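Chains here go by letter, A, B, C and D, matching the order in which they are written, and residues are numbered from 1 within each.
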Amino acid sequence: MINFLNDYSEGCFPEIIERLSEINYRKTIGYGTDEFCAAAAEKIKKACGCEEAQVYFMAGGTQTNQMVADVLLDSFDGVVAVESGHVNTHEAGAIEYTGHKVLTLKGHDGKVDAEELDRYVTDYYNDGSYEHMVRPGMVYISHPTEVGTLYTRHELEELNRVCRKYNMPLYLDGARLAYGLTAEGTDVTLEDIARLTDVFYIGGTKCGTLFGEAIVWTKGNQPFRFNTKVKQHGAMLAKGWLAGEQFDVIFTPDEKGDTLYTKGGKNANKLADKLKDALASKGYRMYNSSPTNQVFVIVDNETMKKLSEKAVVGFFEKFDDEHTVIRFVTSWASAESDIDELINVL
Amino acid sequence: MINFLNDYSEGCFPEIIERLSEINYRKTIGYGTDEFCAAAAEKIKKACGCEEAQVYFMAGGTQTNQMVADVLLDSFDGVVAVESGHVNTHEAGAIEYTGHKVLTLKGHDGKVDAEELDRYVTDYYNDGSYEHMVRPGMVYISHPTEVGTLYTRHELEELNRVCRKYNMPLYLDGARLAYGLTAEGTDVTLEDIARLTDVFYIGGTKCGTLFGEAIVWTKGNQPFRFNTKVKQHGAMLAKGWLAGEQFDVIFTPDEKGDTLYTKGGKNANKLADKLKDALASKGYRMYNSSPTNQVFVIVDNETMKKLSEKAVVGFFEKFDDEHTVIRFVTSWASAESDIDELINVL
Amino acid sequence: MINFLNDYSEGCFPEIIERLSEINYRKTIGYGTDEFCAAAAEKIKKACGCEEAQVYFMAGGTQTNQMVADVLLDSFDGVVAVESGHVNTHEAGAIEYTGHKVLTLKGHDGKVDAEELDRYVTDYYNDGSYEHMVRPGMVYISHPTEVGTLYTRHELEELNRVCRKYNMPLYLDGARLAYGLTAEGTDVTLEDIARLTDVFYIGGTKCGTLFGEAIVWTKGNQPFRFNTKVKQHGAMLAKGWLAGEQFDVIFTPDEKGDTLYTKGGKNANKLADKLKDALASKGYRMYNSSPTNQVFVIVDNETMKKLSEKAVVGFFEKFDDEHTVIRFVTSWASAESDIDELINVL
Amino acid sequence: MINFLNDYSEGCFPEIIERLSEINYRKTIGYGTDEFCAAAAEKIKKACGCEEAQVYFMAGGTQTNQMVADVLLDSFDGVVAVESGHVNTHEAGAIEYTGHKVLTLKGHDGKVDAEELDRYVTDYYNDGSYEHMVRPGMVYISHPTEVGTLYTRHELEELNRVCRKYNMPLYLDGARLAYGLTAEGTDVTLEDIARLTDVFYIGGTKCGTLFGEAIVWTKGNQPFRFNTKVKQHGAMLAKGWLAGEQFDVIFTPDEKGDTLYTKGGKNANKLADKLKDALASKGYRMYNSSPTNQVFVIVDNETMKKLSEKAVVGFFEKFDDEHTVIRFVTSWASAESDIDELINVL
């Protein structure tokens, strides 16, 4: 059956496995202090145009969000996020597990609005009881968002400005960053992100590695003994070099400056665009105008039922009693033939 | 200056101090295992008409809410509350500190709507990703609510029904319960609360004790080694008998069955009613129709400024750019002369 | 029955209750931001000879230890204490509840040895795996210790020196400080403690208040938004002025500079000394040479049994199969007649 | 340079990579709910002779220990372990991070003594203050231990007996279980472990997988919504099938019933034995008589210095001012030629 359920259903770029095979019997020092992690970090720093950056490799996304929030926040601080933010919905309370509240704003196409953020924080400090309230201690955004949308550079600049005003770190969850960086029409580059956020992560798991996310501390601001804190959370892999090796492979530029990371992103976006065109031409109603690899469509329940007999897709949410929002996700690994087959089915 | 800021500004019923003085040199066993706590528990159980109840005395309200939630919830559970719920706003993240999320519903006059609650929990279990989401593990309500309103018996029965359906404990925060039980027109008695909730607390601090809140586990459902857990939270007083002594005094019925607890409640409500009448007759615009000791009024900013030169009141929230909601609170200790003076000022 | 079980069995100095009665109807601002707390803080600062000190009032000892440790430690830090330290034994894991390990050293008469501490921390930093280990992040001592003994000024200076060397805060638990400061032969004053520790607390609960402990941040080092953190722990009393009022009363010096605090300490020590003399003259075997209000005696099980029919005492620990260590505690409230009666019984 | 630093320096059995390569583009459902995990679980259950077992795959050892302890313990419970237990020393306080104390016993060759355990728990329940103390809530053992030693079947039976007596789960950390099961002279089988413990884990990381540990809940006692709790800890891999695939490969028996898991164990033990013989014949002084793949030798500091120029080994601990304990570790990947080379150097 055709499957557009997710972008983490396949393994990884085959080059990663080849490399694994080559270095399999090499004895490598543990816990991420090895040469592969160092090499990958260098390539990432170069790609970010950010010499002062520090790069730390984690295994998964929820773990990364949890870890970053826990080390950035003072004990009485919360994370500001939109209601649909991954940290607020699908992490089983991982932020709260570390003692912190998620403070929510309404999302606009899945995004935090800078003015609303400003007003929220201003109101907090103006409240007579603010010392009995959770302080907005950092801002969490995802790019692409949970609904596939992207911030513009201007929007990121505005968020950065509000965060500076109130001395709150700005953190960007880049679980699907490959798809965001290579989307048509985006004006946001990796350099922009490195410049405008305090910390972000470059997602591997959903962008073509077996696992692994690369945290980038953009201002040389990795907290003291971050490694010990990672160990204490149970989040440190003994063979930490596995993540380094994978990022080293996917961040190695070819002669044109392309990497597996960007190529994977482009592949998914191109196929998603083809799908969107086909959906449009067939009169489907789109849920939003995501420019990345997640395609959201509103279908009536009958259509949904038929479709689910022929394709594995995500049921995103009930739209109304008669309609459902479904999600198709393309990936670094999707083949054009899959899209063609899907288009036939539609 | 006249002061209607709060109901915890004064000390306590003088009878409590007299009793303290009498027993001051008596050697009493520590940690709440004493005869005063036992006697107070008996009186409370009788007042609740609930023989199987277990009563445990705590020092303060936030501590009580934190403690109850922490012992009732499984690690991945959250507390369902309205957005204005005390646990969600003014406890500095005390619930999250223990690892749990507050899951919010819109409030209706500060109250949880049973149907909305039902839909919320149903949606949770119908979500394909619910195993990656925080489970609604208990329901938190306050009575009176943070805006002075009261549930009807029918509303509590409906909440009880939904909670039974989903096997979620229903917890009632009774910080101001004295004012709720004695409000004009309420059909909710202490027996109803004991019957319809799984656990609640009878507030002392805001109802005439120096400190102290009495948790009532209504179904003999006090968790195993609750005392050890209280100790572990740092929440156990060495001279635990102090709380017992105070509740013993205020729950001792006179020949008519009245207690200091109910008398204090009536006093505050009567004076609040007098104030509401005066406000109405002077054309003030009420924010809501709280039947208890909290009186909310919408005033223009000019009036607010003048008022604040003559009386200490609470600034509840900005209503719009020109108006503010202010709060007057009467208490067990308020004197009719204070109200008269305030009415003069208005 | 005569009762020497503890020093927190009675209420409080009657002057405290008198004062409570006087100010009972005064409207006082909440949460410890009132004039009573301010006045008490001033008196304590004066008694400590420490202008830069900040004083914060808590309700109980375990709560205070938990709170101080939690705000002083980085997330991967532990508290160094002797095995018999209160934080390691009788707080139901309150330190661990906040995420921190208690790192134990052998005690010497209940005390930390500075040289052993130095070696322990040096070994930590020399361990090749130290980044995977809990860092010794602060040092906890009690004075008097759990077995009634006292540090000398020289010993405190040595601990201070090691703590400075490794940049670890030194924290002193003064639950029974009144008895320590007024013990015969001690060369440690309140000024010494303020000078040599980073933070300590002056115990009220065991020294004649109803409840309350005064944290003294000796170097102006009270953490940012400590009050919010206290609230978040559920540890803030609404009527925070109650603790202030009590410390204000017991730290008010008379014309000779004596206070209720020091008078209570002297009373207990004098009676404990009388008891020790009597025990010695009757040939009892002492467990240690505590110079304060806790008296430890090794008795055979037969004697213990007889004694327990006539007096309430503490069973401290099994000494061997035939003997038990029992503990007599005198207090600020003990009367000479009680001691005489006890001596008769012995 | 020859390297005997650890058993997690290499990658994995090449068969694992081959399989990865084969299934790389297969679309597999996430979070460990896939067919590879299911197949691996079946093989493990068969190997354990335990039909009712439940198997759950984690990424790393500290994470596994933390997770198991957190779900097994009530909030006021601690983990009983020997002082040298991994949970007490080299996990950066991961147990405490979840709110639980590690309660330590002296080790005997790295092992818990059943009688001492019994006495410890009995003393706990006999202590008059036990409700203010951390309850021994589970027992942690490692097999092989941190110093390479093994429990006998009788010792495990005794531990099981004490644990049953006090209703404490017995948990076995099998990080190096392959080396324990295949050691010469051991009478402990996987079936024994499944029978005598409540939960244990089969280590992958140190026994030939890239990562991954298989928790075995031996009595069908996997806690409710364990997966949600794993997610909440940030410990769930999106491509959970990676662990399943690896365990599936290494637990597939050949015609003789051998698996890569047991073969890897035997290889390491055989080479370690050869090394031990050589060390003995050269007059080296052994630190203990570990029958598994960790070899501990006491050398004078001069020898240590020379050796460290030619081989990478672990410095286990200072023995005295003149001597150091060093550790050689063989692995599933060690070659006989490495040992020969090392023996030449010695």
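Quick note on the criterion: contacts are C-beta pairs under 8 Å (C-beta built on N, C-alpha and C of every residue); 3 or more make two chains touch, one makes a residue touch a chain.
Bear in mind that the values here come from a model prediction, so they are computed numbers and not experimental data.
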Minimum number of chain-to-chain contact steps, chain B to chain D: 1
Chain pair with more C-beta contacts, A-D versus A-C: A-D
Separation of mean Cα positions, chain D and chain A [Å, integer]: 34
Euclidean distance of C-alpha centroids - chain C vs chain D, Å: 42
Mean-CA-position distance for chain C and chain A (Å): 51
Where chain C touches two or more other chains, by residue: 75-76, 91-93, 97, 131-132, 228-229, 231-232
Of all residues in chain B, those that touch chain D in their complex: 31, 70-71, 74-76, 131-132, 135, 224-225, 227-229, 231-232
Contact footprint of chain A on chain B as seen in their complex: 75-76, 78, 89-93, 96-102, 128-129, 131-134, 314-315
For the chain A and chain D complex, residues of the former touching the latter: 3, 5-6, 8-12, 14, 17, 20-21, 23-30, 59-67, 91-94, 97, 205-206, 210-211, 228-229, 231-239, 242, 312, 333
